[in-house]
Amino acid sequence: MTEINFTFSLEFTVRDYECDLQGVVNNANYQHYLEHARHEFLVSRGISFARLHEEGIDLIVSKVEIDYKFPLRSRDRFAVKLRVEREGNVRLLFIQEITRIPDEKLVARARVTGVATRKGKPVSPANIIEQLGLK
Amino acid sequence: MTEINFTFSLEFTVRDYECDLQGVVNNANYQHYLEHARHEFLVSRGISFARLHEEGIDLIVSKVEIDYKFPLRSRDRFAVKLRVEREGNVRLLFIQEITRIPDEKLVARARVTGVATRKGKPVSPANIIEQLGLK
Amino acid sequence: MTEINFTFSLEFTVRDYECDLQGVVNNANYQHYLEHARHEFLVSRGISFARLHEEGIDLIVSKVEIDYKFPLRSRDRFAVKLRVEREGNVRLLFIQEITRIPDEKLVARARVTGVATRKGKPVSPANIIEQLGLK
Amino acid sequence: MTEINFTFSLEFTVRDYECDLQGVVNNANYQHYLEHARHEFLVSRGISFARLHEEGIDLIVSKVEIDYKFPLRSRDRFAVKLRVEREGNVRLLFIQEITRIPDEKLVARARVTGVATRKGKPVSPANIIEQLGLK
């Protein structure tokens, strides 16, 4: 398997309330972790959801694929890594990985497709692509 | 103990993702149940958060007190009951109770204080009080 | 597109706390809805997570794919439909759809792969397959 | 007002998914923040929920009182501070405060009562009290 060249990484610790009856992090919470890492990444590149929203642009997720490899448990530390690619003219593809710290055990792999919309219609995210250096 | 005269009741079923490591509903989720019952109650009385927000009025919670009496478990059915009272000129007090169905076992008691605000400042919720028949 | 023959459907109403800053249901919450519908379906077929767990069997999700088509908003009513298929010897594939009520607007499509495990290792879910009539 | 002498503090950042329709952190999420700070505090004093559970002891919350003073918004940094006191023979009282960083704006005050239980019955948390230096 080819190594993916991630460009951003964020560290977390599992909080007890994120675990469910089975003693592991509930599946939906991984989506929270993935989202938080994407938002922090965009902010780190100067992309503000609030400012985009004022300009009438909303960034939304159109597709999520997650492979769950190994469950996180209470108090585990982990990293959410990502890289972003263009997909056609209107989509951004986020390739994300969650790994446990410090042993780098693979926890989950995800592919998340984002679309820029204006009044619910897809628009070219040209400025965003430029700010992300994807030209 | 005096019986409380509740004026609204809403039924729920515990969903597995609402339970935590200890096999019971996580404490914070009771606040979700209480909130959802309050919102459904207000809507049933013709009070719309969206319309109030457009008029510049936000209803916010200023205080929550919850006594946890007995934990809910996966798939338990339960009712959230409430009555509302005026507290001075600007506050509404929601008295709420959660009971398991069908045995009426007391799960939690709550007192939730709400305030109407305009631009972050408390205002008299006169229209709301009228719609709720609290005059 | 071929019509899918769903065998189970569960109705929900969006609760305000499930919506986020953008005024729509947060993406992760759709996974909660999908999970709750799967669990209710399994229970309706006599399959108890608790009993399986006592027998040393855990049903876990190994893969989730969700296509988000149209966002749900505060107080929307919706249905989560599903059908289940065998995928090889150890996997169950849940095909799920979320549609708004009453206009049947498509909200999301999902494919969720489940695996039965004993001590973290995949095992044949033979009994489950039989109970689900998938033989 | 007397200054409270807090003995533990934990820093957080608001994640977007924790905010709701009104653009502020949903009330129930403050309870998550408060809980996470308490658990991290107990762990920092060598008290493990898992080990207690194996010994048949569960620490549960019997009462929560929260005064909401000022709402947190997307990406705000904040601290959750606490101190713990004995309350009679079987209760622990956690006095907690949430303040925004860096301006120390008061966000919320909370009093959370915890009880040690064995098979659902309150027991003296003697060992815990000793470990917390509350003798």
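As written, the chains take the letters A, B, C and D, and residue 1 is the first residue of each chain.
FYI, contacts are C-beta pairs under 8 Å (C-beta built on N, C-alpha and C of every residue); 3 or more make two chains touch, one makes a residue touch a chain.
Model, not experiment: these values are computed from the prediction.
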Looking at the contacts, which chains touch chain A and chain D alike?
B, C
Most distant chain from chain D, judged by the mean position of its C-alpha atoms
C
Distance in whole angstrom between the CA centres of chain B and chain C is 29
Roughly how far is chain C from chain D, going centre to centre by Cα mean, in whole Å?
34
Please tell me the distance, in whole Å, between the geometric centres of chain B and chain D computed from their C-alpha atoms.
22
Which residues belonging to chain A are in contact with no fewer than two other chains?
16-17, 21, 28, 32, 35, 49, 74
Touching chain C in the complex, chain D uses residues 16-17, 19-21, 23, 26, 28, 74
Looking at the complex, which residues from chain C come into contact with chain B?
15-17, 32, 35-36, 39, 43, 49-50, 74-75
Please output the residues of chain D touching chain B within their complex, sorted ascending.
21-22, 27-29, 31-32, 35, 49, 53, 58, 60-68, 71
